[in-house]
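Down below are the structures I want you to see.
Note that chain A is present in both complexes that follow, paired respectively with chain B and with chain C.
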Partner chain A sequence: MTSHQTRNRICYAVFSLLIIVAGYTIENPYYIQVLTFIGINTLLALGLNMLMGYAGQISLGHAAFYGIGAYGTAILTVHYNLSPWMALPAAIASAMIVAYIVGIPTLKLSGYYLGMGTLGFGMIVNILFREWSSVTGGASGFIGIPTLELGPISFSSGRNYFYLVWGFVLTSFIVCQRIIDSRIGRALRAIHDGEKAASAVGVDTRKLKLQVFILSAAFSALAGFLYAHLIFFISPGTFSFIASIRMVTMVVIGGMASIWGSLLGASLLTLLPEWLHAFSEFEMVVYGLILMIVMIFLPRGLTRGLLDIYERAVKKNDR
Partner chain B sequence: MTAEHPLLEIKTVYKAFGGVQALSDITFSLNPGSITGLIGPNGAGKTTLFNLISGVFPEDKGKIVFSRTDIKNKKPHKLVELGISRTFQNVELFDSMTVLENILVGQHTRTRCGMWGSILRFPWVAAEEKKAYHFAMELLDFVGLNGHADKTSGDLPFGWQRLLEIARALASSPKLLLLDEPAAGLNIVETMRLGDLIRKIREQGVTILLVEHDMSLTMEISDWIVVLDQGKKIAEGCPRTVQADEAVIAAYLGTAGNKAEG
Partner chain C sequence: MQEILQYLFSGITNGAIYAVIAIGFSMLYNSTELINFAHGEFVMLGSLCMVTFFGSMHLPLVPAIILTITCVALAGLVFERLAIRSVKHPEPIVLIIITVGASIFLRGIGMIIWGKDAYSIPSFSSHPPLDIAGAKLLSQSIWIIAIFLVAAVGLQLFYKKTLTGKAMEANAISKRAAWIVGIPSKLMVMMAFGLSTAMGGLAGVIIAPITMSSYDMGTMLGLKGFCAAMLGGLGSLWGALIGGFLLGILEALGVGFVSSGLKDATAFLLLLFILYVRPGGIISSADVNRF
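Moving on to the complex of A and B:
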């Protein structure tokens, strides 16, 4: 148990060091921008992984919470002139409240039916973004979202924003790691392995599923907030059904029930489209093909797959 | 019977699924510290009764009273808190988790660290974890699985999985332990050890209700036997009386005349 904790500490120390070094050494603003996007996507994948990977409950509507975070801060800062730092907790809280209300009936479902339920929820919220134009700007989008500032520090430059996003990622990683290593994390995994047995050992499965649903909504809303203040412009398309599917893909490709898998999955799905521009009209074909190949050869995701390959190599060397 | 108040009372309980009357007019009670065997041919309603007692679904009519509390409409996790713990006919472990983690989850109701406790890691959380760890190790020792704490539970041989499931059920410190066919799939040696383990559990003051098809085991370890057939209680008594009971013999061997009456 203690060795596990020491290993985790080393991992997080190396991870923070990498973030600092990357921020210092990378000059190219395009790379910084891409890395910032990876950070935002990692938050999305991490939140969904807590729900899907650990508790085993699928959601095909999580882009709704991403959107609530983004539109929440946009509306509060532009229409109500609120400081973004006040809008952040408000946006996250609204996503959590919506998750609570939606979660009570929806989480009674399981499997395909839960997928359908959350899918419907995601679509309804997306239609709201698109049609409630007096508040959200409708299909043409929401413009004029302010820059983040903290005293003398402005987060307009790529480097500062990079640090801000990755600071949030690091904190979120530690928060999730602590939950996973606790009584709550064990109960979540127990629900994944067998809901009947989990309740037979005293886990209040309904309450815990709702809690983790709300938690993952909060992470998505945080990502939405960071996205809105990075781009200054949001439109409903970013938070559509496709975005929800992309989040699920990040979790599955990266590795279910793996914190670092969220990082890997988010990286791959952010970088792939950038690399594949060269294929122009065949971009989506190649993109789909790569995802298929990963799933065929590493069905348990990149993290577990790469670990398996590594462990096999070590075993071979031992012999 | 003794003047002592029974731990569990089942009073004229009925349960139907659609048109099938799974249980009708069942009444019996368990004395604290006893081992009661619940037997009967397939489809007699034993598992249905187990599911009623552990809160999987409610009874249609009648009452189940545990420690003087009516348990109607109490969810399974609430009943674990009250002190009822169970195992399943087809071992239901958390397969991806280690042996140790399975028992730690079993202590869910004895521990209280929540979402905030885990994120902020208050000092009492670490103390609680340490206590839970030691208790888990004691339990592994108790069922004879010491030394296997870090193995993945899904990889254990079947007999060990049974033992682990019992250890997990004991982790909530229950007053009443429901064992659903614990000997199914075990060989003779394993079954003998299981009998010893069940007696050892009773010595700790835990009351046991046992559904079992292995007659020699049931008759040997039980103080009291309740026999169900086609949803009805046909006999109850100490093992020797029940074994000689004509209705019981008929239910198992199927005397034509008796069937028609029943």
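Moving on to the complex of A and C:
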């Protein structure tokens, strides 16, 4: 256990060092922007990974919470002139409350039915964003979201925002790692492996599933908040069914039940479209093909899949 | 009264389309326990093939329909062979992402072949609309309902009366048991795929004259057909029919009496409602109602 902990500490130290070095050395604003997006997507993937990878509950509607975070802060800061730092807890809290209310009936379902329930919820929230135009700006979107400021520091520049986002990512990684290594984390994995067995040994599966659902909603809302104040403009398309699917894909391609897998998956799915611009009109075809091929040949995600290949190669060499 | 009747007509028309899509979903789920998120994209392919064969190449109606359905079913078979059968450990989440990947892929193909434009084709026949108690029933609606009836009765006869159909049904109930009595399970799964995508193509064919067809029309249609299948009870033919019509009619009434913004929400509100209240669908004793 202690060696595991030391290894984790070293990992996080290296990770934070990398973030600081990257922030100092990278000059190109485009790269900084892409890295910031990777950070936001990592938060999304991490939250969903807690739910899907660890607790084994699928959600095809998580973009709804992402959207609630973004629209929450947009509405509070623009319509009610609240400071963004006041809007942040309010946005996260509203996502958590929605998750609580929706979670109670939805999490009773399992398998495909759970997927469908969350899908329906996500679609309804998205339609709300689009149709409730007096509050959300409707299909044309919500403009004029203010920049973040903390005393003298303005987060309008790329570098500061980069540090802000990755600071949140690092904190969330540590929080999730602590949860996973705790008693709750073990209980979650027990639910993943067998819900009935878990409840037979005394895990309150219903309560725990609800809690992890709420937690993952909170991470998504945080990502939504960061997205809104980075772009200053949000529209319903960003939080559509496709976005939910993209989140699921990040988790699965990166690797379920792996914190670093979330980072890998988020990086890949953020970078892939950037690379694929070169294919112009073949972009979608190539993107779809990559998704299918990865899932056919590495169904356990890239982290696990590449490790497997490596281990097999080592074994072969030994022989 | 006249208004309600008009809404009802448009509801039944849409309902028939949803029902055809839902049948495709249900059929596939029954034999493979797979939910094909690319199903809507096969509807899109059907619709756009119809635009090409009937709209631009001016083939006669029946050959155009047959050609379209054949093309879509072939695409479905290729998809099954290459993407689905290659999966070694078919877990739901892996299959969901593969079919989502396929849907993006097919949408990309649609965009390359047909571009980003939206097309429309003329109605299958140019009869004037029927006037029933002041409400108008378009000739295309009659076509849609007629084709739907032919398809539904045909499928029912296929499953109940032919040996192949019975073998498919047996395979859907238990692959192992079917295998023991000598039914080639792989072939049956392939046929289910072909039939399911053919139904998707058929939905595309009948919807083409009443909507604008474009490469991105599939997702929403697929999701709604899916809601219809869930509503009736996933895996049951009658469930898909009931679910489709219920969804079509409620949607039309919702648009007419509440707000047009509600149109797309109806399907998903119904989906949530049925999941919370009766997850098995309206028809929920699974044994009795398998096709």
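Note that the second predicted complex is superposed on the first by the 312 of 319 C-alpha atoms of A that agree within 3 Å, B and C clash if a C-alpha of one lies under 4 Å from a C-alpha of the other, contacts with A are read in each partner's own complex, and residues count from 1 in each chain.
What we mean here is this: a contact is a pair of C-beta atoms (placed from the backbone, for glycine too) under 8 Å apart; a residue touches a chain by one contact, two chains touch by 3 or more.
The shown structure was predicted, so the numbers you read here are calculated from the model rather than taken from an experiment.
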item	value
Joint occupancy of chain A by chain B and chain C, clash or fit	fit
First (chain B), second (chain C), both or neither touched by A:S182	first
First, second, both or neither for A:V285, with chain B first and chain C second	second
Angle, in degrees and to the nearest 10, that opens at chain A between the C-alpha centres of chain B and chain C	80
Chain B versus chain C as contact partner of A:L215, first or second or both or neither	first
Chain B versus chain C as contact partner of A:D204, first or second or both or neither	first
Which of chain B and chain C A:F241 touches, first, second, both or neither	second
First (chain B), second (chain C), both or neither touched by A:H192	first
More chain A residues in contact [chain B versus chain C]	C
Shortest CA-CA distance in Å separating chain B from chain C in the superposed model	13
Contact residues of chain A, present in both the chain B and the chain C interface	none
Interfacial residue positions of chain C with respect to chain A in the complex	35, 83, 86-89, 91-94, 96-98, 100-109, 111-112, 219, 223, 226-227, 230, 234, 259, 261-262, 264-265, 268-269, 271-272, 275-276, 279
Partner chain A, residues of chain B touching it in the complex	54, 56, 75-77, 80-81, 85-86, 88, 92-97, 101, 104-106, 108-109, 111, 113-115, 117-119, 121, 125, 128-129, 132-133, 168-169, 171-172
Contact set on chain A toward chain B in their complex	1, 175, 178-179, 181-187, 189-190, 192-194, 196-205, 211, 215
Complex interface listing, chain A residues touching chain C	52, 58, 60, 105-106, 109, 111-113, 115-117, 119-121, 123-124, 127, 130-131, 241-242, 245, 248-249, 252-253, 256, 281-292, 295-296, 299
